[in-house]
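In the two complexes that follow, chain A is the common piece, with chain B as its partner first and chain C second.
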Partner chain A sequence: MNVWTWAVDGWIIAIGALGALACAIPGTFLVVRRTSMLADAISHAVLPGIAVAFLLTGTRDPFFMFLGAATAGLIVTLASSSLARFARIDSGAALGIVFTTMFALGLILIVQVADRVDLDPSCVLYGAVELAPLDSTLIAAIEVPRAVLVLGGVTLLNALVALLFWKELKLMAFDPALAKTLGCRPQLMESIILGMAAATCVAAFESVGSILVVAMMIIPAAAARLFSDRLCGVIVGAMIIGIIAAVLGHWIATSLAPALVAGGRDASSAGSIAATLGALLVLCIIIAPRRGIVVRLAHRWLLTLRCAREDALGLLWRLDEDDRSVDVATLRALLVGGAEIAPLLARVALWSLVRDGRIDRGDGRATLTERGRAEGASLVRSHRLWEIYLMQRLALAKDHVHPTAMVLEHITDAALRERLAKAGGASAASSQPLADPHGRSVPPKTDG
Partner chain B sequence: MNWLDYNTQVVAGATALLGAAAGLAGCLLLLRRRALMGDALGHATLPGIAGAYLVSVALGGTGKEPWALLAGATVGALIGVVSVLAIRRGARVSDETAMAIVLGSFFGVGTALLTVIQATPGGHQAGLSSFILGHAASMVASDLRAASIVAVICVVLVVSLTKELRLLCFDTSFASSLGRPVRSLDALVLIIVTAVVVAGLQAVGLILILALLVLPATAARLCTDRFTTMLPLAAIMGSVSGVGGTLVSSFAPRLPTGPCIVLVAALLFVLALIFAPRRGIIARTLASRTFASRTLAPRAPEPHS
Partner chain C sequence: MTGHSPATHHTQHRAVGCEHSEKSPLSIHALTVAYHRKPVLWDIDLDVPANSIVGVIGPNGAGKSTLLKACLGLIPISSGKVSVFGKPYAQQRALVGYVPQRESVDWDFPVTALEVVMMGTFGQLGLFHRAGKRERAKACEALDGVGLADEANSQIGQLSGGQQQRVFLARALAQSAQLYLMDEPFASVDAATEQSIIAVLRRMRSEGRTVIVVHHDLETAREFFDWVILLNTRVIAAGATAQTLTHERLRETYGGRLTLLDEAAQRMQKAQLG
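Up next, the complex of A and B:
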């Protein structure tokens, strides 16, 4: 049980991975077009489709089942979109109405034929990827499961369609109005996307189960969206994430679950793959570059730290200006009390300033080094120039300029600073220092 | 004639109450444009139910205590709601995508747990999978009581908060500018829906509960433009579907109750679609005819001579 046999587990993973490949292309378009629940609707409509196909043909021939399911998938997309348009119903509600009604019809039909054929509704819902390797055909002396052939075919078909209509589909996905004005026939492209989604849902439900198709279509695309802003990047990312989930999910189902639970039998591979996809999405939300929670928090924290460091240098420079000398603990207390910096942050900021040689803490006093003095002066220069600007040009009251300048001083670079100086009336000729609204003189330019 | 027997009366009563509650809750969901939330919630109950079974067995119970399973379902659904909201923010995707993500992954966890449970001794008889497709015939008096409690709570909440809910549904930003607790009201709506979904597990199952939420509400919306008319109308349509479906399924031996209820609700929806005043197909066809005849018919001869 803990050792994989490639004839079984290899094929199961191959089926899962091929399912992921097939689902990635239409899934990405559904996520980008914000119509993700369509995957859910189509996959539920599969049940009445195969029930009707059985009633009409009387066989369980996979071809007729596929045909019935595909027809039902098409009906659900067409019926819900026309219902939404003609009856002016919210598109989500229209989708819900159509697919639940069809599902109810399918359940009733299946109960009617239940004694003639073994059509188990829960089998449609869960799928039976574990049994898929048993249903195989001989190709070039290798027993290849039918599911591998079907999913492989759908993957190729999806890739072909996507390559053929790449530009049009891309335009359609992001700007249908522009697509229409450029003559791309958005209606046709929409139908192509829906057709791909329907065919993939129908091909995959048999092996991975109809509801798990939803997970396979939507989750990898949503996760890959966090890593890439390019459509083709999202599709490739979705494929990779889907394959990882197929391997990991099957391992969890066959190795981890039996080890954890006393009963010791394998869990459903399809279910575990879907659950793994959910877990991978959460992981991606946390660690994704640029958009992940960790990166966003770290970014925000670094920004806060930079501001705290600048505030510390500015404060020390001002104290210096008044010929006051303080020790490090007092400086920290002033930062926490005056500039409303969190105690821990103030501690880290001062520690880092001492460490990279901007503040010297010899004999207990905190003094600015040459570099620290220049940077502190720049900050105070920005602050006071902003105060002058806010009062002169924007007519802010004298007692209102300080808080605004406290914010703006941190986002002012050298070039902007010199423009402010020019606007404030400092001509290159006069060496007369400017004075801020509170009567303090603006420190001279220090950086080059 | 077996439709007057005690069991049928219990099922009809419970589904009628459930239908009314679902109709009310569905109106709120529909107007908040979150109709499919019912589906995400429904699927999210499965891991809750399976988890409750495992916990109950681990604590020495039989795993079949109904209240434990329903408590598990509630916890699962609530975690599902929170996940939808968290994923929408964290992954920056649309409402629909977040719902599809929760639906797929939660159902996946549920099916994996169910297969594990099947392997444990006594797991075969647990009958947990009956929650997926519903099993109304097995409803007993206690289920009737549970359904009536949910229905009463639903009606009381909606009636006492009609004004606030109307504001929430039609103009969220206006509501928050008036100082109404928009987030709490939104949460309340989702809690009401959760209660309806959990109460409906036994009758129609976690997939078809969406139909009971959406069909009566949408049909009522077609019939009226007034919030205060739409709510009772949806509740009545929901009850009629419940009773009607139960009766239809009791006439024929092999008609499962849940799907029958849904089909009766769908029939009511189709009737509303055709006959509704102003928005129905007939009314709109007539209106466009009248408009055409009024604008096109009196085409006087060109006034040049």
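Up next, the complex of A and C:
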């Protein structure tokens, strides 16, 4: 276990966090427009752009790097769209062809260049955030890593662009056709988003690498989408998730990984940050409100419980109708046997019905309280009205209506029930209680 | 009757040498549109009457949506001219509202109903101007106008299909245009929604606006529209509903496909015989 030295680890985390902030804005737009693949394409395609810019100028000046990368980004979009159009190749496949080809070209160039100067291919691909603090400049008596300045600049730039063009970007992302009729120039806005993505890729390639930057763009936005239904909410959420991943990922790389693996070497921080992002996404999928697995499972279980409770009340009401009296154990056995309710669920349902005063279990017998009787009657009323309806309107056979009514009764509220009664009662004498297909009378209205 | 509507935009500028009605909200002259060089709309000539609800009716692939998109400059036109209140569309953007097909957008997009409606006001805002209280109030009013005030803060994906359609309608209302082009606003909505949508369109008409609606259902067409355009890659007929929506005209509109099918059937018959 290493102890963090803030002059090094602090800067590394700052670089990771700034990378996440910079990526959140273009990343969110790419994700909500379902064009995440573009992040992949741009990040790969900037490689030859960077290499060519480096070959031509001989410097690693961010301005020339960006110029090269932006040109490469432009070539990718143009080449893939014309490939799709003229060679009749599916647009996704066209994008895949162009960016992999350009990436391969970039690899060849980078390796060629690398022999002569300090542009390390593996650094370009995987990033070397650990080395970033070494390359620093003096600002106000503080040694600030160049990567912090570059990423900070891009973050500010992205934020500024997003603020200035917020309504145009949002409109274009949601409805390009309307944007065009309102004079918002969707193509220009599209280029702005791609430009932001390209600038971010260039800024990030030194620190997190040209491949892992894809994780930073896409994963936080995809995870934040699970928590927010607003575009700005998704961006802010993506930033927060990205920052958490930067801190957690670096901690895993420097403290957890060396402790776990014999040899005690630090793992790659950029790699750990990206892997952490993946893990965080899985966590979000599990715990997210409304869309999360836990919430959905709980929701389904509550629904099953409600149905079981209603079935129990209905069953007890029917037994009552036949003047049969049962104890709780028999009632549970009937629920498990007749209504095919899982034993544990039946137990919980009956326990909760006794607890909230719908079933009374005095002297060993299970009897309905007044409240329980009213609810049981409502359920049976729904059930029998549905049976009548299904017989009359769908012409189902008498022995086929019961199972369907068993399902429909649980989704029938008072309003629907009375509409059913009206539909079924039209053919019967109004004063007489209705009779279901099995000759049982429909219990009268108990609510309202 | 038209009140404050189109006339005010024309008084200074009288179009010269235009044989089409200058008053017409939408005037189309010799419009031809092609997709991949294959013409899908042939030589369209139309003058839509002001202050009316107009139906565009025709079979699938007749070019109904294409007609709207061509008028709005969303797809290039091969030849011809489109004018809105006597001037080219490009100068009259602010007067024209568009309601695209519901399927044209991603309803999973993270925006609320109110935000979508506010988008209708963006055309009136300059670059760098953010939507403020006035736009919000306008959007709320528009949402209220289609009976969706309670859903203002719902994410649009949680709304039913009919509600989504009404959100689009509210967005058009917030645009405060004079001419509206709507692509199938009645598609796959229930009867109640249909009634509430037509009520909104009638209210727009009573305010002097003109609404052009791509429509599928022939049964309701007679009730909904003052004027109809029967389209099947060309204009079969256009005029007041009662005189235009006749059996013969409909047969002509929808018959193009039938004659081809008849020919195919004949060929099949021949092949069997031979």
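Just so we're on the same page, the second predicted complex is superposed on the first by the 404 of 448 C-alpha atoms of A that agree within 3 Å, B and C clash if a C-alpha of one lies under 4 Å from a C-alpha of the other, contacts with A are read in each partner's own complex, and residues count from 1 in each chain.
We take it that contacts are C-beta pairs under 8 Å (C-beta built on N, C-alpha and C of every residue); 3 or more make two chains touch, one makes a residue touch a chain.
Fair warning: this is a prediction, and the values are worked out from it, not measured in the lab.
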{"item": "Room on chain A for both chain B and chain C (clash or fit)", "value": "fit"}
{"item": "Chain B or chain C, by number of chain A residues touched", "value": "B"}
{"item": "First, second, both or neither for A:89, with chain B first and chain C second", "value": "first"}
{"item": "Touched partner set for A:34, first chain B, second chain C, both or neither", "value": "both"}
{"item": "Which superposed partner A:103 touches (first chain B, second chain C, both, neither)", "value": "first"}
{"item": "Contacts of A:196 with chain B and chain C, given as first, second, both or neither", "value": "neither"}
{"item": "Touched partner set for A:180, first chain B, second chain C, both or neither", "value": "second"}
{"item": "For chain A as apex, the angle formed with chain B and chain C - C-alpha centres, to the nearest 10 degrees", "value": "90"}
{"item": "Partner chain(s) touched by A:45 [first = chain B, second = chain C, both, neither]", "value": "neither"}
{"item": "Chain B versus chain C as contact partner of A:272, first or second or both or neither", "value": "first"}
{"item": "Which of chain B and chain C A:225 touches, first, second, both or neither", "value": "both"}
{"item": "Minimum distance between Cα atoms of chain B and chain C in the superposition (Å)", "value": "8"}
{"item": "Contacts on chain A seen with chain B and repeated with chain C across the two complexes", "value": "34, 225"}
{"item": "Residue ranges of chain B in contact with chain A within the complex", "value": "30, 33-36, 38-39, 43, 87, 90-94, 96-97, 99-116, 118-121, 123, 129, 132-133, 207-208, 210-211, 213-215, 217-218, 221-222, 254-256, 258-260, 262-263, 266, 269, 273, 279"}
{"item": "Chain A partner contacts - residues on chain C that touch it in the complex", "value": "69, 72-74, 93, 96, 98, 100, 104-106, 109-112, 115-116, 119, 122-123, 125, 127-128, 130-131, 155, 171"}
{"item": "Partner chain C, residues of chain A touching it in the complex", "value": "32-34, 164-168, 170-171, 173-175, 177-178, 180-184, 225, 228-231, 233-234"}
{"item": "Residues of chain A that touch chain B when the two form their complex", "value": "31, 34-37, 39-40, 44, 87-90, 92-97, 100-101, 103-105, 107-108, 111-112, 121-122, 125-126, 209, 211-212, 214-219, 222-223, 225-226, 253, 257, 261-268, 270-279, 281, 284-285, 291, 293"}
